[in-house]
Amino acid sequence: MESPSLDPSLPGVRQLQDWIREHTPLHVQLVDGTRLGGSLQWQDPEFLALRPDRDSPLMLVGRKALAVIRPLA
Amino acid sequence: MESPSLDPSLPGVRQLQDWIREHTPLHVQLVDGTRLGGSLQWQDPEFLALRPDRDSPLMLVGRKALAVIRPLA
Amino acid sequence: MESPSLDPSLPGVRQLQDWIREHTPLHVQLVDGTRLGGSLQWQDPEFLALRPDRDSPLMLVGRKALAVIRPLA
Amino acid sequence: MESPSLDPSLPGVRQLQDWIREHTPLHVQLVDGTRLGGSLQWQDPEFLALRPDRDSPLMLVGRKALAVIRPLA
Amino acid sequence: MESPSLDPSLPGVRQLQDWIREHTPLHVQLVDGTRLGGSLQWQDPEFLALRPDRDSPLMLVGRKALAVIRPLA
Amino acid sequence: MESPSLDPSLPGVRQLQDWIREHTPLHVQLVDGTRLGGSLQWQDPEFLALRPDRDSPLMLVGRKALAVIRPLA
């Protein structure tokens, strides 16, 4: 909640937005070592919304808990 | 305490608000690996209030400690 | 130290204040997994002051280290 | 570095200042589980300066890494 | 998202920028102990973009999750 | 990146600056338990630059990842 909005000129915000638009399958690693997979639905300043697969409900991932996010190889 | 209020236009705040209104049973994972279950009663900029079951008192969960929050499958 | 004061209109601040006023015995879990028990004496933007029992000195708990706080069952 | 100065009206800042003035022997626990002992020499918004014993050099402890600080029993 | 932009006068931002320009092979350690290797492509206030090798997609590394970053020996 | 500059009136910033000027050999402990040694070259609001020994390249240490920093005994 530090910032009221995302700055679309930042390359990180744009990269995430690209992955959202292209439904890129992603690997997400959190600071506690948790590994998640899925595609991003949206981002806001506090959360990323990850959908593990087509029939799953959205999962909110705390942006501050993100260690690494990358496309599945 | 970084922000004096929540921004209801953010999709994360709205998603949490939907889960509050619909009493959705949730799975909550914290950055230390703790797993909790329950339904959300309210949110503020610092905490989520989780009620594990109907007869339990409220539990405050530090918003900065959130790693993942999702509906129970 | 992000905020010079607590906002008493926030439900989390009010819930903590209720527990302070009522001397509610609490269970406190920190992000490193430490479990503490006691009643709250005061809160400020950086710390909660916890008194484990009547004859113990105050213990300051970093607010950012809070994962869960709830009444003892 | 979020705040340019400490607010001496906060009870946490005052409690730490009391422990500094009285050379109270303290137990300090960090979010990674590290336990330290010593007396506080000063505080600023980023660090606490801890002196483990009379002949040791100062040790800077990151304020954000603090989980618990309390007098030795 | 605390800051809308990076301050190029800071030596840390400049050091990272040097490593980006020179394609320096780097070792990156995160606060959860994860070790990564690669060269930096860009930095923004929230992420570093790391490319593990020439044919890999970019990996976003949360800047707040950084513990140590240094050239490979 | 919370703050555009360091405040040289803070005792923590001054202590670090003394250790930089005097090339004091230091022990650095991070919140994940990593132990590093070396002397400080510079500080900025996000990083400390540590040189493990005379012939090593600089290592950037995230200031938020700092748990303890002290002179080697």
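Going by the order they are written in, the chains are A, B, C, D, E and F; count residues from 1 in each one.
The rule we apply is simple: a residue touches a chain if its C-beta (ideal position, glycine included) is under 8 Å from a C-beta of that chain, and two chains touch if they have at least 3 such contacts.
None of the values given here were measured: they were computed from a predicted structure.
Counting only chains that touch, the fewest steps needed to get from subunit C to subunit F is 2.
Counting steps between touching chains, the shortest path from subunit B to subunit E takes 2. Distance between subunit D and subunit F, defined via averaged C-alpha coordinates, is recorded as 18 Å.
With centres set at the average Cα position, the gap from subunit A to subunit D is 37 Å.
The residues of subunit E that reach two or more other chains are 2, 30-33, 45, 64, listed in rising order. If touching chains are joined by edges, the resulting network of the protein chains shown is one closed cycle, each chain touching exactly two neighbours. The touching chains form a single ring; listed from subunit A in the subunit B direction they are A, B, C, D, F, E.
Contacts from subunit A toward subunit E in the complex involve residues 2-3, 6-7, 10-13, 15-16, 29-33, 45, 63-64, 66-71, 73. The part of subunit C that touches subunit D in the complex is made up of residues 1-2, 4, 30-34, 36, 42, 44-47, 49, 56-62, 64-65.
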